[in-house]
Amino acid sequence: MQSSQSTIVYNKKIADNYFKMRLSWSALEVRPGQFVMLRVSDGLDPLLRRPFGIFNVICAKRGTGFSFKRPTGVEILYHVVGKGTAILSSKKPGERINVLGPLGNGFPEPEDARNVIMVAGGVGLAPMLPLAQRLKAGVLLFGARHKADTKIIAGFSGLGCRIRFATDDGSRGFKGFVTGLLADEIKPDSVIYACGPAPMLKAVALMAHRAGIRCFVSLESAMACGIGVCLGCAVKAAPLQAGYEAGVFRMVCSDGPVFDSMDIDWDTL
Amino acid sequence: MQSSQSTIVYNKKIADNYFKMRLSWSALEVRPGQFVMLRVSDGLDPLLRRPFGIFNVICAKRGTGFSFKRPTGVEILYHVVGKGTAILSSKKPGERINVLGPLGNGFPEPEDARNVIMVAGGVGLAPMLPLAQRLKAGVLLFGARHKADTKIIAGFSGLGCRIRFATDDGSRGFKGFVTGLLADEIKPDSVIYACGPAPMLKAVALMAHRAGIRCFVSLESAMACGIGVCLGCAVKAAPLQAGYEAGVFRMVCSDGPVFDSMDIDWDTL
Amino acid sequence: MIKKAKPKAKIDKKAGDALSIEIAGLKLRNPVMTASGTFGYGSEFAPYTNLEKIGAIIVKGLSLMARQGNPSPRIVETPCGMLNAIGLQNVGVENFIRDKLLFLRMLKTPVIANIFGETVDDYCEAAKRLEAAGGVAGLEINISCPNVKKGGILFGTDPHEAHKVVKAVRDAVKLPVITKLSPNVTDIRVMVMAVEDAGTDAITLINTIPGLVVDVERRRPVLANVIGGLSGPAIRPIAVRMVWEAKSVAKVPLIGSGGIISANDALEFILAGASAVQVGTANFLDPDAAVKTAAGIADYCKRHRTTVKALVGAMKTGQ
Amino acid sequence: MIKKAKPKAKIDKKAGDALSIEIAGLKLRNPVMTASGTFGYGSEFAPYTNLEKIGAIIVKGLSLMARQGNPSPRIVETPCGMLNAIGLQNVGVENFIRDKLLFLRMLKTPVIANIFGETVDDYCEAAKRLEAAGGVAGLEINISCPNVKKGGILFGTDPHEAHKVVKAVRDAVKLPVITKLSPNVTDIRVMVMAVEDAGTDAITLINTIPGLVVDVERRRPVLANVIGGLSGPAIRPIAVRMVWEAKSVAKVPLIGSGGIISANDALEFILAGASAVQVGTANFLDPDAAVKTAAGIADYCKRHRTTVKALVGAMKTGQ
């Protein structure tokens, strides 16, 4: 947990509007599902840091257990959607970027990795890689707009988890939403880990609820500080669950970004 | 006179904090002493364009006469003093920059080039190169802080004008202000063309006045528009001279940047 | 006006009528005007943009007599903005009519004269002479310039003073009268109601916000005038908020001004309640900014199958 | 306070006394405070900065009862700034005393509690409980938060309301009382005189400026609360100007706030008349911003052989 100047090792385009950036970076420990906040420009416009999930952790020795120890580098997978990510995509190796993190709670460790169903939509794939690397089992259901976007899956192969695709136009795998794949994967003791657009997470949470299985979602929200002080990234908690007070706001950056789907008031998302 | 996207051909460091940038650029005609305004960043910070004298004009054929016709490129010589010039110095060949210009009046053509004394202080050297290229005669008195800064003179050699140096520390040429060289150059029919810091111009103007010779100075001022509409770059005109009304403000960008030294109210600079 | 309106009407047909809007009896081909003091007297921009594609040109603020303005430095850059303390330098109404109006009359684009004074009579006299000269489609009364110590600021922050000057000008001329308000008040709605009651045909908001930049090394203000008016993208959220507040009470059309750089920015003002907008500081970054902004609004209207008229105040609040 | 002041004094000796300044009876090792709502309850920044090198820590605004705040979205970025409409979410005075104060008491850095309420009694009750708890060096009364529809805004824009609440709190406690003003007024000097007359020991200015950002595609405000408070470098020239205006009438020390990112920015406020400054939004860009700002001021003082005390209001105007 620190704010430090990092150096860009590479910044590659890996699909239309999708980039992968590696930064030299040191930290004590990183858990799958945590994120960093990058200062995309030293200038004052854009002013705020931008949050990005930790896509890959570079460690001297792979290590064991659920978390990654003493990384020497970090990778992010990002989608160019606006001003900040556009500036990021123009950065060259050797340039310096300030990194704040690792931040957030990350995914809880499952009892049995084989029961895990990972559900990712678009760039929501990012936090799933460290998770898959740790689990070395389970299934990943990945939804994208079309075939071209599924290129970003490279890196998941050979990790020991099955991968199934869903694309809006059916250009790769199932034609339709990724939730269309979820139904026949759910077993009584399945556990879902999901990251993607809010509507997708909502649908996944509902299916998990109906099936009576646990579901953890990684949420997004506009952020200013990333460390729980500006109170800008609030999401409303569901009526009393897991000890949360009803209607109270939770902070995506410090209470999350990963939440038990039962703890979220989905009507407000 | 236009606003156009140009491409950086090169952007070289030629001395400590001094850079030379070449841009692909087309215009109808450029007079020595004119300038351009560059948008150093597409973002909103820094917001305003930055003015830079035209240091060199790339023309298919050198042509004759006092002005340069149909250039295909332009060079600027800039000193890194703040945010905008720092951003400029980080630009790479191939990057695009918006150029507004050529702007301003430029230097008037002298009756006899051999009578011309060019006086430049620091980066005030920039507008003197096109002038020297056109005059192919006269003398250039160049003042700088120390020897290292005089490297930016490269490009003036072989143009047919004598060059004399003055440095604050005497590390090259005369030790002291460039005005120290001026006294023994002034002849009854000399004409001075000067560009540099305001205090230098003030001193030069005073000497010219005492000697009863004409002196043209290229002034600087903070600018927003560069085309005479924001009225931000005002300098006060001297009591009635050359048909100017006393005390009226002149605009450096559109009435200048070159003024007859007699037309300026030097007490306000 | 009628004589002018006809050819414009034709252009509207061609461009499709999605952009045209009528304000204070002025038929505009599109809702993008150029803000006073940032577009000179129009002719300066002829080499850089197509003046016939601008909704309306508002010229540099004019006073009865020529003014020399403030000493330098007059401008300084700020984060995403700039301060100016020009001191309302201008050639004066008579010189404007003699030297500048000829060129402007040749344009089909309506020309609006921005006027100011230090007394109510100054305002009225300037207004009358401009109307008499002909070729001016409307007047914008600047009661809000924060740069000049005397005059301006008082009219702009006191509802009674504002009412007085606007009513006097309204009674003195037949031309459409637009009142430009100062943001430097506790409640903009009070000012809106005051100038409406005085008979203004439209309201422009906002003018610049008073600001100060200190040269820390010299321990002096950067501007010779100490205080300057803040403009540019930095003030846009404040300006959009004030248009929205004004809209809640305004009966006359509003014209939004403050930090507009792009069509998206202009649409923020329109959705918040402005019938037209003004591009100011952006003209310095790109002399073609106003035309590009209008083109961007046209794209938006096409994409959303709508018109500017339909978008005015169309922002929905509440769940 | 005495107990606290001693060790600080030592630190001042070491760092050289150039930076130390006393405000409202509070001895500060340097003039750089952290602005309320941008520094949490202090502990969140412990991993990122040295809390002992900050002049004073002002905690998130506290109300008598815990508040849930506004729905999301609560923040949006603007050119060189941001809007926030947090709705003053906070744990409430009691939870603050129970859960947060323990950590803060261990610091040598003075802790200032920022308080607000919807009635004068709310303010007073909160103030009394915080004083009784001990470990709080002073109070900052927020009469200026523009985010909450009820409360706040009224106190901050009406001199009589402001006078009422400040006087009541002043009479209710012995702790130093700082009043934080809203910029959303026609003449800040009127507010300064009002709260001074009510007995405030110091004045912070400015709080955020109300702003609005429209999501043009969705034709809705970006913020659920529609309006938010503008902060960041965009507002700095406005804030510095208001400090300068306030200085012309103020007898008590002023604390400058608004867009401070660097030592240079802080020095602008000090030269314009502020005895101390607050770093707010900058904490989000760099959690070490306050300490870096203080260090930069130290460099300036060394370079210019001067002290912060000597720089307060040292800006020269006129030729």
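Order of writing sets the labels: A, B, C and D. Residues in every chain begin at 1.
One rule holds in what follows: a residue touches a chain if its C-beta (ideal position, glycine included) is under 8 Å from a C-beta of that chain, and two chains touch if they have at least 3 such contacts.
Just so you know, these numbers come straight off a predicted model, no measurement behind them.
Visitor: What's the minimum number of touch steps needed to get from chain B to chain C?
Guide: 1
Visitor: Please identify which chain has its centre, taken as the mean of its CA atoms, farthest from the centre of chain C.
Guide: So the farthest one, by centre of C-alpha atoms, is A.
Visitor: Could you let me know which interface, A-D or B-D, is made of more C-beta pairs in contact?
Guide: A-D
Visitor: Would you mind pulling out the distance in Å between where the CA atoms of chain A average out and where those of chain B do?
Guide: Here chain A and chain B have centroids separated by 54 Å.
Visitor: So, what's the distance in Å between the C-alpha centres of chain D and chain B?
Guide: Once rounded, the distance between the two centres reads 47 Å.
Visitor: How far is the middle of chain C from the middle of chain D, if each middle is the mean of its Cα atoms, in Å?
Guide: Those two chain centres are 36 Å apart.
Visitor: Any chance you could list the residues of chain B touching two or more other chains?
Guide: 44-46
Visitor: Do you know which chain C residues sit against two or more other chains?
Guide: Within chain C, the residues that touch at least two other chains are 79-81, 232-233.
Visitor: Based on which chains touch which, is the overall arrangement a line, ring, star, complete graph, or other?
Guide: complete
Visitor: State the interface residues of chain D toward chain A in the complex, per the touch definition above.
Guide: By the definition above, chain D touches chain A via 37-40, 44-45, 47-48, 60, 68-69, 71-77, 79-82, 84, 86, 89, 232-233, 261, 281, 283-288.
Visitor: Looking at the complex, which residues from chain A come into contact with chain B?
Guide: Chain A residues touching chain B: 41, 43-46, 83, 87, 92.
Visitor: How about chain A: which of its residues touch chain C in the complex?
Guide: So the residues of chain A in touch with chain C come to 44-45.
Visitor: With touch defined as at the start, can you tell me which chain D residues reach chain C in the complex?
Guide: For chain D paired with chain C, touching residues are 78-81, 83, 157, 184-187, 209-214, 216, 219-221, 226-228, 230, 232-238, 240-241, 244, 259, 264, 267-268, 271-272, 300, 311, 314-317.
Visitor: Can you check the complex and tell me which residues of chain A touch chain D?
Guide: Contact set of chain A toward chain D: 1-3, 39, 44-49, 98, 100, 221-236, 247-249, 268.
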